[in-house]
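Both of the next two complexes hold subunit A, though its partner changes from subunit B to subunit C.
Up next is the complex of A and B:
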């Protein structure tokens, strides 16, 4: 695929939270990645790795203060969103880029019917009449598997899975080019999660949207994504297509994530977790941020900042071991 | 051998404005010492309520509970406080289950003080030893929960449950709130202490891969009833009930070379309020026949140690073998 098909291109993004009289919380530190048309990219990492801050930066929703985008660019169809006016951003949000939030219980307005909430998005972005908006909303509800007779029902009348469907209908109502889904199924039961994931895949194919899927579940990545970006302490530590990440896992952290899963090594009677905790983003160590938890750590790792090395085509790893070419 | 815990036809009904909510409805099982019973199912299937009823945190409305052969279904306060030393619980949310005004020391010492087991230097020694056991650094002894991350908080929750040296612990989703690398640390800890202290667990979880990893036997619940009971290996290799099959197939598969073979399951869990006398899964089951709508299946031994509650278990299983 050529460069022109890049929908989103994030370059060297750095976002810190600067609370007064406290040390800066370095949430995102020099992150770069691209999403192409029709592609699903999985953004993987633990709590505090900076995943949600990246998503909020794309929509320019990082609360400021204390949040501040210090450097970098986020190009969406060639336009740097970090320089766009607020009025322009308002046009983009919900129509060209939309977001599904993690918790369907808190993302809906409790005192407005679900139909009207979806209609608001349609009405704002497509300048159509109320009657037209209503038809569009009914279509969307059917598309996500909710009977259109429930248009006037309120969020509390829906179960968690159904609320998440409403939110997906709302996010997709204007056929966005990019859909950001922040842990869309974490709050749902596994059978409902399966329904929602299958539906997201169908809709993505139908509408041709690209998806940035934020998740901590590697099983979901295996089923949904084309490319994977693994984050640790605000940095990309490994990225590549799904096959390279799953079959030629290179970074010790990514290996640790796989080792922590009960399904990864069926014959072992113990899990192989990563020791210790992620460093405090307000006090990041020099050099490799993962060094303290890494079984392969050497003096070199702490001596300098480690860059990304391309170990095979499109597969990047931030590790001293990969630099020598003898990654295992 | 007498099972450590033996539960028969256990019921917990709640009176609600719309009628009677059947949270736990005729559940029977046995657990031998040192074993882990995994209880899985979707939200609202009664798995947490079951754990609480067994521990007398909620009073049962029917059935019997036997602990080491002794009937403990109805007990007085003295007996109850004696039982509490032997039966403990680890809660799901380490953020909500710890008293924010108590330090680690106070939280871990409180059960010993209440049970009047020891004080002074001996108490201190026991608390420090427990911190070592659950992997908390001794320097944290005077910290409060808000100063600690989720993994450490859950270690306090585990330490609090263990400090009276119980024989039986209900683990109610103990790792669901934790990140995957921390989750693995805590699971390993639970396995280590089980081996060292010869503990018996009921492990309530919605995460089927965790259940498979940690359990001896697994019980699949649906709307307050057991639909399938088997050893962890047997259940995963050879699930029989249509609900268990669908539930297992819904787990996202890590193997990117394997085609997803998901068995879709329609709709959502129906209401447990005034359930009709029929198979409770029938409305979502793609094999459901008319008979499923007007007669209630019972849990039957399908093969040795493998119990299934489905009118057509054999037929469905045969079909699968033929295909």
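Up next is the complex of A and C:
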């Protein structure tokens, strides 16, 4: 596929948090991936893998200090966002790229009515009268399944799932080209999760947006995504089409993720959790970051930094075993 | 909301009654005979006895107390001054506006300067400006206000001669007293604002607002400051109460004819009715200001408003629906 279809292209992004008088926290280390138009990309990894930092970097909202984008580029429609002016970024945020945050309980301003909070983004990005904005907001509320008579209600009058709908309405109000959803269902009940995901899928089709879906739930990835990027300790360890990742899982970490998923292997009745913990991002080991927890670990793994190997078309793996071509 | 205000106004009655009772008891058990002070040292026993009889001091405590409260409730009469025999209500009404104006001005100075300084310090946390603001904050609580007032007089009235030394005849005379007490009061306002802003500055909804593309100015004043308003408003209330009593000392220093000078005079002369009336007035004002602050909470935060509605209106609504 040609470059013009790429809506977002992240190259070699490195983001560290540099708190004074403490060792640097290496959150994101040389991450590259692309999102094409209309595509949903799942960014998978456990807590602390650097997923949210990548999302915030795209919007240039990494808190600074202590956060600092050290190198790389984030091209959105061919423009490097890391070099854009703050004023230009404000125009992009909320209109061309918008974000759904993880925790709906705290992401809404408690003193503004939900209607006004959606209207805020409408007013910022389109020149329209109060009445027009109100109509637009009411449309959005109905779209996410909230009665428009609740325009003047406040966040404390809504349940968690309803608040997340408000946040989704807010994120989609200006029909963004790219929607970043940071664990949009983590804080919700399982029954509500399915509803919210279905709704996101519908809206995405309706508006034709691309989606960067951050999650640690492979079930959600299976349902929603076209492409998958698996992250570990701030690095991409495996990425490719959903089919090839699910069928030909190559990296021991990705295998471990599937092994810890109930129902992934119906023939075994025991879960196989990954032993140990992710390394401290302030003290990353040399070589493969997953080596300490990996059952296939060899001396080679710790000797040098491992690069990404293309094991089949568009399917990349960062593992010594894949380099030999005899991937599992 | 109306029912809530009514309820709060009714609740002020027991509060004020307790204030009256307390000060009555204190004055009753204070040793010394006020009559001797009023009549002079060469008064005969008979004269003193007559004086006691005239002001009802020979009656039992309960009778004196009931008569006093009844006088206020039925006729708005706070009695006559023991010092000069004049009706107290008039004197207080004539002096009250001065003290009230001074307290309002002082509160305005501390609230405006303290809030702005607090916002600045919170936004520039860790900078030199923040450090200076915090030093000002500590100075404000540690400097005695009478000393600070004298220094200000020395500087602006005596040395530079920009402002009058004392009196209360127009806006030019307001600047030094209101400025002095106001600047000292600004320190607590500054600290409260700074910490309330910092509580909200990294809130998720602030990040949401940034992700919408909102400008920093709107984020600061609308999203952060408005969510920090509850502790700030609380402090405005206590600042006003402190300023109302704080003017007692400043009125002496600046020779301002307000309630403060009257109270000091009343204490020196054991003019109990006069003192009682002043204390009741101050207590009533503070109660009303606290009520206004509580109403302001409801305007600032819809969650508070919801609790007002549920605590006062539910039963009525229920009755309407049932009927």
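Following the convention adopted for this analysis, the second predicted complex is superposed on the first by the 325 of 328 C-alpha atoms of A that agree within 3 Å, B and C clash if a C-alpha of one lies under 4 Å from a C-alpha of the other, contacts with A are read in each partner's own complex, and residues count from 1 in each chain.
Throughout what follows, contacts are C-beta pairs under 8 Å (C-beta built on N, C-alpha and C of every residue); 3 or more make two chains touch, one makes a residue touch a chain.
Here the structure is a predicted model, which means the values were calculated and not measured.
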Fit or clash between subunit C and subunit B when superposed on subunit A: fit
First (subunit B), second (subunit C), both or neither touched by A:120: second
Contacts of A:277 with subunit B and subunit C, given as first, second, both or neither: first
Touching partner for A:189 - first (subunit B), second (subunit C), both, neither: first
Contacts of A:59 with subunit B and subunit C, given as first, second, both or neither: second
First (subunit B), second (subunit C), both or neither touched by A:256: first
Subunit C versus subunit B, contacts on subunit A by residue: B
Subunit B versus subunit C as contact partner of A:159, first or second or both or neither: first
Gap in Å between nearest CA atoms once subunit C and subunit B share a frame through chain A: 10
In the complex, subunit C residues that touch subunit A: 202-205, 207-215, 223, 226-227, 300-303, 306
In the complex, subunit B residues that touch subunit A: 42-43, 149-151, 179-185, 187-188, 191, 206-210, 212-214, 246-247, 249-256, 260, 262, 264-265, 268
Contact set on subunit A toward subunit B in their complex: 46-47, 159-162, 189-195, 197-198, 216-220, 222-223, 242-243, 246-247, 256-264, 269-275, 277
Interface residues, subunit A side, partner subunit C - complex: 59, 61, 63, 89-95, 98-99, 101, 103, 106-111, 113, 120-121, 124-125, 154, 156-157, 167, 170
